[in-house]
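Everything below concerns the one structure shown next.
A, B, C and D are the chain letters, set down in written order, and residue numbers restart from 1 in every chain.
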């Protein structure tokens, strides 16, 4: 069945609310407004104001309240409108959500799911175009998911709600209107493994989230030039599935990592370092990174496009590598 | 009249409100044509606040606004051309096209944005006011020149829920800083009604928790806004510390360009539109015999011409070269360059 | 007497205050011996608050405290042994030794810490109260069992300045959640006096900004604390939404073990020590003829024995094996294991 | 002259306050209390309450006020007590301090200096033992300094105050009592280059901040085994001086990166990736990372030590590498 990414998220939310009375959704404008990206449209009417809760603008507190509600036995789904606003809640996430279990000697679990939109590409300028998934992936005690397909958009949410620990789901805002085939057979989807989205022999293109589609398009175009790339969708940034990455690189001997975050300190650096540590002797050449320019993302289309990873930059990077290899 | 004004002044207030209204109507039109993109938040319905409040501030004062700041920049005096060009994302825009609708800046007019993180402008304004106070305290600064500078900080009712509202009012009052907290209460934070995001919907009353004086103002009445703002500004200039004004107003359009408006009724919107700050003020002026249909027509024609010029300026403007993408991440004199 | 109490009850209140005092005096001693390390924040001087407030809550209620929580855990009922062992960092501590002084936890007593980011406990408490309210709303929960549960949230005057205070009170009042905001106003945030961190030093008054009822309580009078807290709890249990209590108290010792105390005078400290909650309450009980020197001696002896046992328990406790370092980062059933 | 790191910071603060009337210091307990780590002890008495300002607990606002004061012509020094509390201010840092200049088309500069204590090692447990310098180094628009010596502790602060843009200085709390030789000849110190703290031939040990001293001790001990390590102190994490790193690795052909942050997503990954990209063909073997275990830092001494990089772990890592090389 073909559905949009947005519809897939909504279907996951509905199913979760129907199947477990402990599940509720809270966030800014998730209720009467239907969600900034319309992911929760109709849910307030269907499930009522107790389970679909509009919050005041107060990110640190409603995320903290999600932690408390999870400690109290609920299964909260907290929506943060976009990742840039999540910085306001980072104290609760790092200092409470991620620590309370370990710091208490294992006395508590925090079954909290936090969803947020991430990424650039919609000309909303410097304060609304960040990609901080890599920062979240640095934090022990939480899990970080980056669904790129409609099946993962719905499936990962449902699996996340079965987890005993905090799970953070990053939905690339650019994907919401994207249509895809929802594979109900795939459920329940795992949240432990990366996926090989396109098998290939010549180079491993490793990416996640919104960049997956750019990587796949680049791969198809490269195929017409006789280059056969393998495309890996990390799916889960924490805990990271190194095995799938290393298996691929040992086969292709080359890797390009695509990450929409700023280059320095990007999660792409972690992938490069893991390959360095786990497959150095299998490499025919250095792992390359395709990331965003190190600038606040500007508003005009031409500058925003120049700042972000693009299909052509991926292609050029692979070509240069093959040429050298 | 809320207070005594001259005909000229009355016409000027009307003209500023009309400039905002027509500028934004044109912007909406250009948005549907794809000339403007990203988020576009219209101020239509709230014009009396910017038009009545900003003239109370001098060129030496500082202004901080939100992503709904077109009206504030217009009244502050930034020419319409660079503002329209900014909406286009052109290099002749007021932020070289990099900011767009949400991020107007104008250093020459001490207009510090155009900030789009709700509540994020309050600490910045408190800091600007701290610098203004320092300029009085430190013998190294020329007191005369800096005497009595203040900072105007505009924000919405939704921002009142953020922790920064609380922290900023406390710090400003504690340090007796010359800042005016100007709340544009349009009764909604996006789709969330005031009573659903504030357990105590009386925002002016919250100022007591910080020992800050406050007043509720009819934000649909440009003269009421002007009078209340002038009084507050003079108190702050005299060194009495911060002041909070709650302007009760209403947004006639959607929150941004995409908004099904499921959260409010057509009746409610219609009722507020009957209090349109422009129509009601036109009526008052004509009742005083200060405004004829001709006057209105002349004013509209002049504004239409100003807008045409602004659009032409924007259309003619160049795109910033891609080579300049990384320019100004750091200041040229910085060791990072 | 602030309200009618029996001799037994009076003696129990005194005993709890003494347990806290002696426990912490021993902790300070052990700190100088190097048995306890890191930060150690003593509650000495503030015992009347924990001793008077906590008995108003049932075993089904939830409690959230700060890094100055020794007294709260003791009165809540966690045995002294595991608490002392936690200070040592031993595996038989109440948090398996991983938390230390600032991070006491006891799931069996719904004691959620022991949280050391100032203000960070308030949102957690609001969330616990939300879960308690849900348990009433959702037909899927056994109403009877959950009926009228509430959450106690302790925090200091310094936390009042943080944005989370503002955000949490608003959210709790907006959603009418069963949470008690219990402010231990000891007049200082570390070295910063109340009047230098709050433009409006009357904390109880701030509750009006959220339409939350509040009361100022003499935090040096255990009976006043008990009475005010019981009244507030019963209001919250009845579903009237949150309540704020401001306990005016004083910290006799340094903020933590290192603190030159440059920020307050010896006279001020001495004046407050004359209002020592333990000494004054002992006096009241003896004036009633309820307390003889023998009674005091017996009580002290029993507590001394309890402390000796706790120290022995801690000394005898094992260190957590280094192999277990990464245990419990995730829950065993998690897909991450 | 021998001084402690704390005294060096204080001397820098004094000199700055004396030499520029636009400079002022604000933060929690920097005044009457003298600073949690006593860095500002005596300054309130000397410069008065207008220039040494105790703030209420409100990190996001007093950092934002620092940004505003800088925009208003001042030269604020903001002290955040420790890095974990800085998460509460990250919105102002990322969304305002780092963007306003670029987003406004270059109309404004923000000469703000923010100092904070970072790092673990003092048994203050999970909420007070973080190392987020790597996160800050990810943000374009700001600069990130990690003084490890007493000379840099004073000198970097003074140089930072001459910068037109926001500078973040991370002082490892463990270093405050450390004594060292203050080299006044070194002033003004640059904040552009990494420093080779110990020249060597066999392996490059690359680190910064508190870990420098562990690396140097490890190097000396390795020297007694006939291994001659080069120790590089990055000093500046943003902008990163790749040249010094690559020059060293091209000479030694081996590298170990020591970083007190959690391994996954650490800044050590960025260093490894840069070496991958810039010196792959010069490497005799994979670059190794010595980082913290991926756990909230526990209170007990033995567990905290096990969680953090130690001299012995650095030595073992180098030995393993040499053996393999």
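One rule holds in what follows: a contact is a pair of C-beta atoms (placed from the backbone, for glycine too) under 8 Å apart; a residue touches a chain by one contact, two chains touch by 3 or more.
As the structure is a prediction and not an experimental result, all values here were calculated from the model.
Each chain's centre was taken as the mean of its CA atoms, and the one lying most distant from subunit A is C. In this structure, the chain pairs B-D and C-D differ in their number of contacting C-beta pairs, and the larger number is found at B-D. Averaged Cα coordinates give subunit B a centre that lies 40 Å from the centre of subunit D. With centres defined as mean CA coordinates, subunit D is found 30 Å away from subunit A. Centre-to-centre separation of subunit A and subunit B, using mean CA positions: 36 Å. Among the residues of subunit B, those touching two or more other chains are numbered 97-99, 103, 115, 117, 161-164, 167, 170, 174, 196-198, 329. Residues of subunit A in contact with two or more other chains: 55-56, 58, 60-61, 84-85, 88, 91, 95, 102-103, 125-127, 140-141, 294-296, 298.
Put simply, subunit D touches subunit B in their complex at residues 21-22, 24, 50, 53, 55-56, 58, 60-74, 76, 91-92, 95-96, 100-109, 140-141, 143, 159, 163-165, 190-192, 239. Listed in rising order, the residues of subunit A touching subunit D in the complex are 60, 84-85, 87-88, 90-91, 94-95, 98-99, 102-103, 125-127, 130, 134-135, 137-141, 238, 240, 261-262, 264-270, 272-273, 275-277, 280, 283, 285-289, 294-296, 298. For subunit D in complex with subunit C, the residues that touch the partner chain are 28-29, 32-34, 36, 54-58, 60-61, 84-85, 88, 122-128, 293-296, 298-303, 306-307. On subunit C, the positions that touch subunit A within their shared complex are 62, 93-99, 103, 105-107, 112-115, 117, 120, 122-132, 134-135, 137-141, 163-164, 167-168, 170-171, 174-175, 327-331, 333-336. Residue ranges on subunit B touching subunit C, taken from their complex, read 161-167, 169-170, 172-174, 196-200, 205-206, 208-212.
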